[in-house]
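Dumping the structure here so I can ask a few things about it.
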Amino acid sequence: VSGVGGRDGAAAKAAILTEALPYIARWQDRIVVVKYGGNALAGAGAGAGAGEAAQRAALVTFASDVVLMRSVGMRPVVVHGGGPQIGALLARLGMETAFVGGLRVTDAETLDVVRMVLLGQVNPDLVGAINVHGPLAIGLSGADSRLLTTRCADPALGFVGDVESVNPTVLHRLLEQRLIPVVATIGADETGQPHNVNADTAAAAVAEALQASKLIYLTDVEGLRRDVNDPASLVSTLDADELGELLSTGAVTAGMIPKVTGCLRAVRGGVGQAHILDGRVPHALLLEIFTDEGVGTMITLA
Amino acid sequence: VSGVGGRDGAAAKAAILTEALPYIARWQDRIVVVKYGGNALAGAGAGAGAGEAAQRAALVTFASDVVLMRSVGMRPVVVHGGGPQIGALLARLGMETAFVGGLRVTDAETLDVVRMVLLGQVNPDLVGAINVHGPLAIGLSGADSRLLTTRCADPALGFVGDVESVNPTVLHRLLEQRLIPVVATIGADETGQPHNVNADTAAAAVAEALQASKLIYLTDVEGLRRDVNDPASLVSTLDADELGELLSTGAVTAGMIPKVTGCLRAVRGGVGQAHILDGRVPHALLLEIFTDEGVGTMITLA
Amino acid sequence: VSGVGGRDGAAAKAAILTEALPYIARWQDRIVVVKYGGNALAGAGAGAGAGEAAQRAALVTFASDVVLMRSVGMRPVVVHGGGPQIGALLARLGMETAFVGGLRVTDAETLDVVRMVLLGQVNPDLVGAINVHGPLAIGLSGADSRLLTTRCADPALGFVGDVESVNPTVLHRLLEQRLIPVVATIGADETGQPHNVNADTAAAAVAEALQASKLIYLTDVEGLRRDVNDPASLVSTLDADELGELLSTGAVTAGMIPKVTGCLRAVRGGVGQAHILDGRVPHALLLEIFTDEGVGTMITLA
Amino acid sequence: VSGVGGRDGAAAKAAILTEALPYIARWQDRIVVVKYGGNALAGAGAGAGAGEAAQRAALVTFASDVVLMRSVGMRPVVVHGGGPQIGALLARLGMETAFVGGLRVTDAETLDVVRMVLLGQVNPDLVGAINVHGPLAIGLSGADSRLLTTRCADPALGFVGDVESVNPTVLHRLLEQRLIPVVATIGADETGQPHNVNADTAAAAVAEALQASKLIYLTDVEGLRRDVNDPASLVSTLDADELGELLSTGAVTAGMIPKVTGCLRAVRGGVGQAHILDGRVPHALLLEIFTDEGVGTMITLA
Amino acid sequence: VSGVGGRDGAAAKAAILTEALPYIARWQDRIVVVKYGGNALAGAGAGAGAGEAAQRAALVTFASDVVLMRSVGMRPVVVHGGGPQIGALLARLGMETAFVGGLRVTDAETLDVVRMVLLGQVNPDLVGAINVHGPLAIGLSGADSRLLTTRCADPALGFVGDVESVNPTVLHRLLEQRLIPVVATIGADETGQPHNVNADTAAAAVAEALQASKLIYLTDVEGLRRDVNDPASLVSTLDADELGELLSTGAVTAGMIPKVTGCLRAVRGGVGQAHILDGRVPHALLLEIFTDEGVGTMITLA
Amino acid sequence: VSGVGGRDGAAAKAAILTEALPYIARWQDRIVVVKYGGNALAGAGAGAGAGEAAQRAALVTFASDVVLMRSVGMRPVVVHGGGPQIGALLARLGMETAFVGGLRVTDAETLDVVRMVLLGQVNPDLVGAINVHGPLAIGLSGADSRLLTTRCADPALGFVGDVESVNPTVLHRLLEQRLIPVVATIGADETGQPHNVNADTAAAAVAEALQASKLIYLTDVEGLRRDVNDPASLVSTLDADELGELLSTGAVTAGMIPKVTGCLRAVRGGVGQAHILDGRVPHALLLEIFTDEGVGTMITLA
């Protein structure tokens, strides 16, 4: 559009503005929890060598979108994990990890690695990318101010935790100061023992505890399909009951299950809308929030 | 753009959003005084018969733009006169009015007509057009809470007043309540005697008293030209000194002089930017405020 | 008394002060809605020629009383119509108006005249008379901030509206700023269509919505009589049920019916006291509010 | 006036109200320090036997006036001594006291008596008379919250103190809660040693520290005279310099000197007006404050 | 301990600090009502001549403890009577008083003496001892701001009152300003008639009305005993029911009955803990509040 | 002491309480920055094998002291580095690091390790130890909300930063919420590039920016000595000028220089007192803050 001069360009811009402005008004002061996934945002079709640069570019765009959301009055909260980066450090340290039922057993040493990667690498990288724009973001672990209290998920898995309760007070205070919390999903149980927590699940728990207006999963898929093999069956909107059915039919792939479950939990717990977005579309966040045009699947209560 | 599907449309929208969002953040909570001119907004090229409908359509668009400005956090104040409508009622009442130096002499009877038109017709029409969107606008005369204190401009002109002082308190209070004040430029002197005040001048005085961020004149010209006869000499931006010079060279047409003088007064008095916009461009207000693309002439201090 | 010097004068003054001060304390911060009627305040017994001057004098006294009420901490709200003035402008414009059941049919042209008179003449005259004392009053129409939402009263009557709901927010805000709202009873329906509203009825609706402590009708009669033909049957105080009975016996003259109905509605809706005062008694407002001596009829719930 | 029925009575009342209301507005929220003197308020011309009843009646009227002042928004502070009552208890206890330069020497035993009378008798009597009207008054000694810090006035006089500093904080807090402080003029020096303080002087110090709007001495004289022997030389108003001169000419009687000095100190220290009122006139306080008619002498700065 | 140098002294101090600090945190902002008894604090074993000095020393220590309590964030309220001092003044004045059922009949003259002693002697002495440390304390009688409303306890006893209601507002306001109220237990009935009130009973009523966290009676006994003759039967803690039983068995001496009854009333009315402390132990208040070690008997609800 | 029963134990406790309580009052709401050093707190005389347990015990005691400080109203801020732990991970990863002038060169890979250790290990360990007591602590890096803006200290050292500015806003907000910030000294320059910052220096910069009342370095020495070889020359108190001299005479060991320099900067920049404490003394923090007895060296401005 920017290449189109004169009246027509102006009319096009005016049309988009009159479309976007009501959304801006609508989402003013609203809390939006965004789950940022490690591998979700790698550039589409990028070759092996281009991977890191593409990921860096995606991070820069993501940070800039989050800053724009805040600048027009929204209250974004970023939640993240870091699976690939954890795998890389474990490999580098020559640590082998056992698997139980497809899940990695997290012993004390592995937990140390998980904490170092999430708190000492992924979290500060996200905070840093945002803070290029100003003193805006603040990193948090789930142990800070007892944000995430956990319990052992399964003794066989070691220090893996389920979220037992969320203490949203500190997030509310930070949001009131117009700060952007960036949460690494390490929690701690009542005794102070740290636990690794699934980031998709934690994001839903945080969104519910904050009574957020939106929960957004940024993924590397286009959205949910009714028939997992049929691209044409992409679903734009569905309600909680329909999503429950879809889940029971096996149409949801393994990797999507925690996200789908998180969406269900969130909307049933009071979050207005949950989204599974295609993070590969540049500025997917902005398009989803500020235009009529969805870029993925939206789940509502009914 | 709305006709363009898929990725390209999305990219175009994302580009316009990333252009607009920083402006929205920038103008958050800022006061913008908009002078709405009676004849300025008639549809370009509209025939005689189509005049009223076009004017009504322009009013509807204007009201909707002002509501959008407010909805994203700005604090618009509307100032208006009503020359053509006053002429119409005088004619209908068969009242002849004398002219001195090109200006209409306003005797007591004429003043009654001016008050009835501005306060009983133009002002409630503007308020009504805005309030279709909700309980947003409130009409004011310059005599309300002594908003505009005037003194007699020239005894030969009768009850025509110059603005002596502005009491912005009531406007600030209404703006804090997120209301949109719509001001008819009838003032009163210290004794309570009402005066008719030039609306262009009053708009500048109000903008200065409010220390507004912007003063915008909606007109029926494209903007200022360096050479009044050369459309190619349209000026996009100029500073107060340049504008002072332009004024002294006679390049400003008579009808534009109060607006140009108002711009000068405003930016020299602390208003960030003054604009002479082409009100015939649909949504000129939005394009000016929220995009890189100007639709008229912007005056700054330096 | 002022002519009485020395001790006796002092004792008389002291007696009146000790009578008045508790009322002042009692009405501190309380909202009082005063319906000011066009013809109610014309000087008693004034000849034809003296009419306008007497009316002007009555307006000046009324404005000064309202300012005194505010100065000792009360929160007056003025509501007004303007029947006689509307008739005068219609006549001057040579507009004939039909009547249905004794009520004037208000077509679009008549409505224009009503708006011009109420908003452009009576309202600013009242505001101006008050603001001689300072930046105290602010004029409002029922369309401002959707103060009075109306519905068509009867299609046969044209643009005459019944009050459907009152939005008292803007009045509360103005009262908190110690401003005196002066309300012209033009409302608007949901579509924004303006309606002419009976001022007596509107005053009662406003008093109820504000949960005012008092509603006062300034009239040109001494008060209500049990027997309309017997001056000795003047009633000083009566309760809602007694008033209902009086209304059903036909003892209330046609012109008083909207006022009596308004009193009933107000006290039944939570307004503490409603009054029908003799506006011809100078400073009737002050005498009613601050002394033991009533100057008309007071209606309470029970 | 109350005996005068109909229109004339109403007009008289209205005249007094329009006179009083602006004063009420003017003194809203203003602090007025009233020095209440033991013997000042005894009924004029009352015989020996009638003394106590008259004094009690005067106390009741005084308390009611103070409550009325508060009820219309003023902030009265009462300061008192109790010379006659102290003398009575000393006599009853058979304690003889020496005099130095006409002033009573206050040894430790005498101080005990002074404290018991002021704090245990006069102060609670005043508080009690006011609190018949509600939970309004609170008694204070100058030692409470170190309200009056004193230093020894003259070793020869024993425990008699001059006011060194006033800590008005506690008075301001009590006034904000709409309470009426009643202050007995017992102070304490830095070591906590209590001192008897002249109540006229203390009242002026308190008024200055509070930056009161008025300081009022209730006395048993009509006011100040230019010629002490000429009743016709009564002065209604004079400024600080004139008062200074009067003082130097010896026209002020001994008993009035602390009051006159207090008036000078107060108006030179920022108190708006100081008054020497004739406390024998019933409701002298109300007449002074709320009417044009003075009942004594008013001192202003210039 | 202070004599022990080096590491061991440090370890001992550290141990006491870690014991005390949690109590300090726990009692932060909490209200504690302390009943200070006339004869309770005389130095243990002091001879006749030493009595006054010892009493003065006890007062100084008590005042300093109360100031320390306040300085670490508690909100102490002191309530006192003054039996011995009243007896002394009555004797000095040669006034004989009758007794009914062991209680002194309080006629008008006796009441005057009681007021003079409590308000003019004991209360200012307590306030003075505290205010040596700064402008901290403020003396109050139960008549101030109608703190204690009473009714006649028994016509045969004269002006002796039972507490009918407590108006804690003024105490709350003073506590919010970090002041220490010192309350003399003179109340007044609805007509303003003063009454003498038992100080133990009044202290309990005040503690209940304030919903204090603690009520503490400072006495001259070690605490309550199960067997009044057996020092070894001293009780450290007991609940309301146990205390009720103890009372019914006659194990409570006459002088302790009002205190025990006060404890019962307080804990049953919402006060967290009531204490009967041995005021002869220096700093008994501090030891009770800030250490694990009790110095008397604590009563809780259950 | 706890073993000493009866009166003597009580007297000893009372003595320590009356010593400690004024300090508690004095430090109420005051900010204290505590630098916690990795090796400073290892148990004195602990053997090799006992090292980790002793360090853990020291951490537990430290955390409990910090919680007690907060519980009595202080506002502690913890700043930490983690030299030994960084060395350990570098060794484990087989990374060799070059040294320039005795300082470790921090290349990009080393910086990654530093971040992982400080943010992913030491910081969450401190936060966890505190949060055993409740949701009290929150971990921060210097990049959060741009707390520490740095510039490259020396290109030869790589990513080592000097503190250029401190943004204390987020700390103030967290302290207002009664949270305990735990700061890892990783900063970032204007471009967002992270830098490793000396923790002693950063603690001083933070204390100055917060205008803390105290800066405390917990070390493993007894304090400063005038003669580094003479234990008897231990200094208890000295002012900034004396400390400057001491520094210039070479009496300060290399390891203490950043702490001594930090103390100087802090007290010269407005911090009330700076301390070099012997962290090996159990509860050194409490003893220093709440008793007369120092456990190290205190530096004041003069």
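Odds and ends about this structure:
We call the chains A, B, C, D, E and F, going by the order they appear; numbering starts again at 1 in every chain.
To be clear about the criterion, a contact is a pair of C-beta atoms (placed from the backbone, for glycine too) under 8 Å apart; a residue touches a chain by one contact, two chains touch by 3 or more.
Remember, it's a predicted structure, so these values are computed and weren't measured experimentally.
Comparing contact pairs by residue number, the interface of D-E is reproduced by B-C among B-C, C-D or A-B, since over half of the pairs coincide. Per-chain CA centroids place chain E at a distance of 45 Å from chain F. The mean-CA centres of chain B and chain F are about 61 angstrom from one another, to the nearest whole unit. Residue numbers of chain A whose C-beta contacts span two or more other chains: none are found.
Traversing the ring of touching chains from chain E and stepping first to chain F, the chains occur in the order E, F, A, B, C, D. On the side of chain C, the complex with chain D involves touching residues 1-2, 7, 9-18, 20-22, 24-25, 28, 64, 68, 71-73, 281-283, 286-287, 290-291, 293, 295.
Chain B makes touch with chain C in their complex at residues 92-93, 112, 115-121, 123-124, 127-129, 131-132, 134-141, 143-147, 167, 169-170, 173, 177, 179, 186, 188, 191-192, 194.
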